[in-house]
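The next part holds the structures, each set out as structure tokens.
Two complexes follow with chain A in common, the first pairing it with chain B and the second with chain C.
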Partner chain A sequence: MLTPEQLEMAQLIIEAVNLEDIQADEIDPEDALFTNGLGLDSIDALEISLELSKKYGVKIKSSDVNINEIFGSIASLTAFVQANKQN
Partner chain B sequence: MLSFLLNSQSPTELQRLWQSTPFIYREAPDQSLTRWEVFLAAEQLSQTALSIHSNMKYSALLLFEQRDYFLVGLLATAMQKGQVILPPNLAEATLEKLKNDMPELSVLGDDLPKGLHSQPQITSKLIDEIFHAVKKNPLPFDQQRMTVTFEAIKKSEIWLYTSGSTGKPKKIIKTWQHMIYSASLAIDRFQLMLPCYIVATVPNQHMFGLETTLFWPFFSKASLWYERPIFAEDVISALSNNSIEPAFLVSTPLHLTKLLAFKLKWPAHLNRLLSATAPLSKTLAEQLESEFKASLFEVYGSTETASIASRQTTVTEVWQTYTSVTFERLTNERYAVKTSCLEDSQVLSDQIELLDEHHFKLGKRDSDLIKVAGKRASLTELNTHLLSISGITEGVFIQDPSTERLRLFVTTSLTPSDILRELRKLLDPAFLPRPITYVKALPRSEVGKILYNKLLCKRPS
Partner chain C sequence: MAENWQQETEMSNAFWLKLIIKIALKLPRWSVRLLLHPIVLFFLLIATEKRHASYHYLSKVLSYPPKIWHVYKHFYWFSAVLLDRVYFLTNQHSYFDLSFAHRQEVIDSFNEHPGQFFLSGHYGSVEALKTQAMNKHYEIKPVIKLDHNPTIVSLLKELNPEFYEGVIPYKGLETTFEIYENLKKGTSIALLADRPIGGSKTLLVNFLGDQIPLPEGIFEMILRFPYPINFFFSQYLGGNRYRVEYFQIELSKTDTPQILAQKFADHLALQCKNSPYNWFNFYTYWITSSHET
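Let's turn to the complex of A and B:
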């Protein structure tokens, strides 16, 4: 079950990368986003980072933090954004 | 083979360039590597970790994303007379096929994808230890040792994959000799024998990345950022790490366009953008030049030929070939490329209009070949994969001209998640459909041809 914040994140990702055929509440929050999970690629990550900076004022930078863990799943990305959001 | 490098400077200058000038930059200044340190590290890796394979034909699957690890692996494998395999993607089916063809395949990389766990592995930890050892006991530069080595490895092979017009992935074999010669032409075109700094968002495993981040800088005076930055903040911090001017940002039209959307202030010494993998419109090129405050050059090439021409898109739509690249006319708009380093002439997949010996315009691309995020595929191949999934009655991939991504039109009782799960096993993620549209049947003309325009008008389900 997704928390309200995770659901919002799932919705943002679906819109950012045009995955319209997936329903936000169908996604398992622990599922991998890349390669073996939703199958996103690096350009998708860049687009998601743009939306995150617009919506939450969060700057994603791979050298500061363990980016693979943060982008690991909806759950980890939501936790990171909630902890670092500016707006 | 290295005459362009050896003749352009005195032995003392060459020694300074190879032994004392930082080549690959990392965050900490004392962590940066010189060309000679990379060379020595490759020798050590080759003599220790790889030499156990000396009795058989050594094949190395090179997965490192970091430039320094990748280059050491590339060079060490060549020194061991082995061949380097650069996979087209990491989909299960691709890896399975590689393992079947080469059961002894070694993998150079860290987090291995499923399916490679049982292969012999060399990780970055070992290469870091070697870097450490090389820095601790620096050996003086030895020009003869360097030239003898490059002469000895000139026939060593690098295997890359591309989608041929038949739809099956096609293996392209490049030798070090070809890559070095081809690099010398680009070094001349982009004046890389003057100090400059390269930051690249493209992967090592594809031809454009292999050229711009490895072969061009290794054999010129260009220095390089060690990582492949994706996020805007990372690109800026990679550029800011170094004030060498000019700084080049090597990327793709898609990535550059996305970076633009962040509306950031780009470092002032960034004054060259290099773009390849898909043509840019003049309008977009103008926008990129004005936002980045840099000159944008497009590079034209293919996996078969490496890069062969360039243009500054805001100034002209005409491509200028590198010196010594010539064309051979096959049919009206079909040409084969010849350079003195290509063993055979290579047929271009694009149609071109040749204006004179060194200038051409691009015609339309073979419509079966598409590019998404810099990755090339054949629609025929993608459709064949699709139809191999049990439960798909019929279906077709189409590239959406506005987003560059692929749309899928399909007749099936499978859910979108089912379809995506199956496709993920077969395809690179870049080619996964965004979005999927269900149709009762594909609209066809009287002679059975699919009516693509009718499909593109349909809304996603």
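Let's turn to the complex of A and C:
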């Protein structure tokens, strides 16, 4: 079950990378974003990060050591954004 | 499979590179080039698979059936270019006579688009491009998979510490971010797009009558990023001469990664036909590709 923040994140991801056949509320927040889960790639991750920067002022950089963990799942990405958002 | 041939080649490269570097820094270039002959001969005798790969490749690009001395020349050019890398890296540019084609167009385009993509293959000497970048027309960072060849990396770091400061090590997710961050601040990115990386997704393209797998991620990325794309090929012409040729690639809206990858393979194939001995992929991956992917 998604929290409201996770649902918002799922919607942002669906819009950012055009996941047409997926409903936000059907996503398991713990599912992997890459490969087996939603099947995103690193360019999708970059596009999502640009959206996050626009919407929340959260900047994710290549120098962030835990970048793979941040993009691990909807849950981890939401937690990171909630902890770092500017507005 | 891809992992294996990468590892195998990096190990043998490291051995030869170590040997060549040590001698190269002590003696003049012409004398080291003489010393390459026995090394190449030895290599020719023991490296059966690489010899077969060279035969196969040469049979596609030469207008006559390749003989053992053509394979010898192919190996020799590889070693000669590898040797010259030492001189490029230690900034001994006076050894070389560099010429360029369509260079001015690229330089002019930097006024409007300072960050661009430069795609090449394991063909000729990429160092020749890097040298040109160093004369301050633009900054260009190659993306290199470092963890496969730690010996080479440590050797090259010794030769020119600054060179490796200007390199983006390929890691994975963070590499895509780093490439984007660099392009955004006006630094260009060079990528070698003729070999798949690790177990990543590939696109099969036609190359000299065979099918070879190219790294899908690279072509996907450069299509989705809004930055100009160039192909460049840095041919060794024999003696001390190199020629760097640029192609500014116009994209159409219907271009897919597959179409762009094929375009790249076609450019590369044409280069190989023009100057066959510059192709430095001594692996049979293009033969077995249809079974492996």
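We adopt the following convention: the second predicted complex is superposed on the first by the 85 of 87 C-alpha atoms of A that agree within 3 Å, B and C clash if a C-alpha of one lies under 4 Å from a C-alpha of the other, contacts with A are read in each partner's own complex, and residues count from 1 in each chain.
Definition applied: a contact is a pair of C-beta atoms (placed from the backbone, for glycine too) under 8 Å apart; a residue touches a chain by one contact, two chains touch by 3 or more.
Every value quoted in this text rests on a predicted model; they were computed, and no experiment measured them.
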First (chain B), second (chain C), both or neither touched by A:Val17: first
Greater residue coverage of chain A in the superposed arrangement, chain B or chain C: B
Contacts of A:Gln6 with chain B and chain C, given as first, second, both or neither: neither
Which superposed partner A:Glu26 touches (first chain B, second chain C, both, neither): first
Touched partner set for A:Phe71, first chain B, second chain C, both or neither: second
Chain B versus chain C as contact partner of A:Ile60, first or second or both or neither: both
Which superposed partner A:Leu46 touches (first chain B, second chain C, both, neither): both
Contacts on chain A seen with chain B and repeated with chain C across the two complexes: 34, 41-43, 45-47, 49, 60-63, 67-68
Contact footprint of chain C on chain A as seen in their complex: 34, 41-43, 45-47, 49, 60-64, 67-68, 71
In the complex with chain A, residue positions of chain C that touch it: 172-178, 180-181, 217, 220-221, 224-225
Residues of chain B defined as touching chain A within the complex: 27, 90, 111, 113-114, 227, 229-234, 237, 254-255, 258-259, 261-262, 373, 403, 405, 416-417, 420, 423-424, 428-430, 432, 434-436, 460-461
Complex contact set, residues of chain A against chain B: 17-22, 26, 34-36, 38-43, 45-47, 49-50, 53, 59-63, 67-68
